[in-house]
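Working notes for the structure below.
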């Protein structure tokens, strides 16, 4: 029931610390579709990731942001969902984005069922327990994140040699690019990762 | 009439050089809304900016990209449209994005009715013919583009002191962030600026 | 009993992955004092942190390394032990040292009884849940780590203004300097953090 | 006639904005040879590029500067004049020198009869419409501009492989070096590009 | 005789300038072993290098520092003592550490009996009069000093190809790492090189 | 007598190592004025600094280079000659130019009669034995050398506050700019400092 779910979303309870430099709108002030998306994620995850609350301040941007996110992160295709999250964690580490490292680190642990890899990739992907394919993917993603103006044919050729198709090259580039946007918004707003993320997926290995 | 418009859009004619590292889809293979958007911009501008063609390869991302773009660049609000374009040109210069400097340089010249300012801002905004307000805006935008992790209260306070409201701060940050994405996609795809952009708005002053 | 303890330390079992680029010596080949130190840490922690195994290859350097470490990290003084570990995590993040971020992240969580702070500080100390005193401490430590040649009177004065004494200034500088050494050795040897560290201290808050 | 020419040079009219941080000398206060050079360029170009006015403040340096410039830029030799200007535009872009990008961008457009290439090279020479020979030339010039201490035999060998002779290597290095000087003087003085430069050479293609 | 030696060590005479930002302890206030070490170096060198005085403030750290130093710099092994000092000078130059460049520059001149090489290596080792073996050694040492997180198998392979053994690789890495520590402490304390170092070893060649 | 002087200049004897990547012309092949300048410096200094030999390959550039040099370095004015050389040493250190650090380090020692200051300034001017006036001068010169595009009014104001006049500001900027050129040419040609420079001026203090 929507009324109950809405009550469940007691935002001030989410954290005693501000989750954004900007005021966060009240749930009942939001357009229906934005509110519905937030309630849906709450029901699925058991909590509302703060990125939804922080960006809800601007419904049009909210819609475009999550449409873009979903088009890149939830699609089927040559890259696994874990690989997509790995790109996010590595490039967000390079951009010193606390929200994305913590939140997507949790998702990476869960999707990859590898409880150590997120912390490794966030600090130094060169030393992480990753495959040669993942290494090639991250070499390219980091170049897109940090010096995209220098990307050239040889970079794409290295990806192809590692088994990636044209569409995969686009995906890697697009994910690194989208999180260039996301990291900056999180950094400027001082977006706070929910406490829940820190522990998620860490016990996977023991299963 | 759509059939005529469609014929008018002879893509191979647009340029003898490739406009993207990735194959560009045929117009008649595109979803109706994507095609309509492309034809609309063609009718308005007299040509199709290559960003529409290059991104049409991924209709979902295309829709999210332009929805996001329009939400930030075409809205009313505290920042003028010329100011928004100035943020794009300055940060795209810092990211060495040829497409965005050339294309948005043209739009900046037209919107600001200042034919010199785009070339100045693209090379070194500190030496450009800009007002103290524009200077404060670009100082912040460049920090978002280049080291967003270091943005702090003092940076926001400097914007406030220059007369910007909370919503303006968000706008500046969001535009610099969105073009962090856009610049990277243009750099990786090798997106080619249309020849038309180079001359647009350069004669404004003589009027 | 030493024989039993020695058996307990079945090194190949520690990890199925190499813990260093260099061969790790057998425990029974080590000088008595080095072996004793390793067994002592094993009995205290329940496992042997890989830094002990990796550095045991060079007993003289091993002794100097841990004597230096203990002189800085285990002493009483103006800085709490949690503060010392916080310096380690922040500067090791800046140096992309996986071993030190993971291992000292665990120790920081335990010593500070703050399960979130290590992950925050490792990615971006400016956005971490830290006090103004901790912020001043990390500002200085990061300058020592990244551009010590530019440290000047004003940097020391800022520490003094935050309440630090002369001895504290030395401590902060010395810890950041010692881990400049430690991070480099860990990076070059490819020192692998023990799996145990990743989860340690994460539940503290719920107690 | 000198008196007429002198009247023609109404300096305050050149721009309503200051052309240098430093006072610009009156034409009639200049040594004869300096004044003659300025009048000559005015008669040839129809206006006096501001670099002549800004540097005239120091006649000895003025003479050495233009003697050096002419020795490098106006000589015959392995490099075409357009290639020489292309080096100037690329390295001046890297040095964020507004005067040199705008002024030499105009000259490059005219000499190369390629109206788009200057704007492309100024932003990102890797994406410009240039030949492999030009690319090799600019790779070397940029290394001289940005990290000359790292130039080694392999860099020279790459130029040779692209068909450049020993004298060409010197020319490329000397032009990048001379504009390292020129860019810095323009940046410090805040040298303002004349309005005339912005439009010059942009219509070439249509001819 | 200790009393006489102690008198010989008139610390205020060493320099009219402070040798450290921190107070330097009186010789007679030091633990016996620290004092003995200082007197021994004075008798051997004819003066007390300021690093001994500056670090004596912390006897435990003093002992660990010099134990580490001696383990790396005074040992026998694959690297000559001159090669070890060359690593110190090159990496200390990169870290802008005045004390280490001046003091170890002197030791390098003496140990290598090459009076020019220290000044060359401190400024730009790529242009120094060094052998291919020394060049490979310094390439690796500089990578450890400046971006150790990026050290990979290929870097070690390049050292092996230049004739270095596994133990040599460790030595090079350990020396560059130890002076990462040493340089930072010298930079923060403002450690002053003794005047004596500047001239030592400069006449070697004429012998 | 020219014939005798010419014999005295036995170039291959100057060094057993090449002094430039490019061939050095024979003395008797040079234009009279270039040869005269070289012989004059030889008679004054007792040897020919290699920069004269390396640049003689291009007489026109040689003339402009030394005319520029003399206009900046040998003039009377607000800056002492020692101050001018100090700018050269500091900025050449930042540019890793071995020739200029060694050669102008010698001249600085002699002109300032301070045998230690050149080595200090070359490594880290912030830690050198220099006056507040010299410090302000070098702060500005280093900004010109390393990020001239960011020079602004506040930088000039800081110089004025330290007692420098407008003409001094120009001088500092022009010297840092000229050696931006000079350092690059020396780095690319691999210009070798003469052995004589290393010892010059080191004994001054004892006089």
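The first chain written gets the first letter, and so on, giving A, B, C, D, E and F; residue counts start at 1 in each chain.
Following the convention adopted for this analysis, a residue touches a chain if its C-beta (ideal position, glycine included) is under 8 Å from a C-beta of that chain, and two chains touch if they have at least 3 such contacts.
It should be emphasised that the depicted structure is a prediction, and the values quoted were computed from it without experimental measurement.
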item	value
If a chain touches subunit C and subunit E alike, it appears here	A, F
Both-way neighbours, i.e. chains that touch subunit F and touch subunit A	B, C, D, E
Far-end chain from subunit C, centres as C-alpha averages	D
Rounded Å distance, subunit B centre to subunit E centre (Cα mean)	53
Gap in Å, rounded to a whole number, between the CA centres of subunit E and subunit D	46
Rounded Å distance, subunit A centre to subunit B centre (Cα mean)	25
Residue numbers of subunit D (touch at least two other chains)	96-97, 124, 127, 149, 187
Touch relationships between chains, expressed as pairs	A-B, A-C, A-D, A-E, B-C, B-D, B-F, C-E, C-F, D-E, D-F, E-F
Subunit F-facing residues of subunit D, complex	21-23, 57-58, 60-61, 63-65, 67-68, 71-72, 95-97, 144-145, 148-149, 151, 156, 166, 170, 173-174, 176-178, 180-185, 187-189
Subunit C-touching residues of subunit A, taken from the complex the two chains share	17, 93, 96-98, 101-102, 115-116, 119-120, 122-124, 127-129, 187, 190, 195, 198-199, 202-203, 205
Subunit C-touching residues of subunit B, taken from the complex the two chains share	149-150, 152
Contact set on subunit E toward subunit D in their complex	124, 126-127
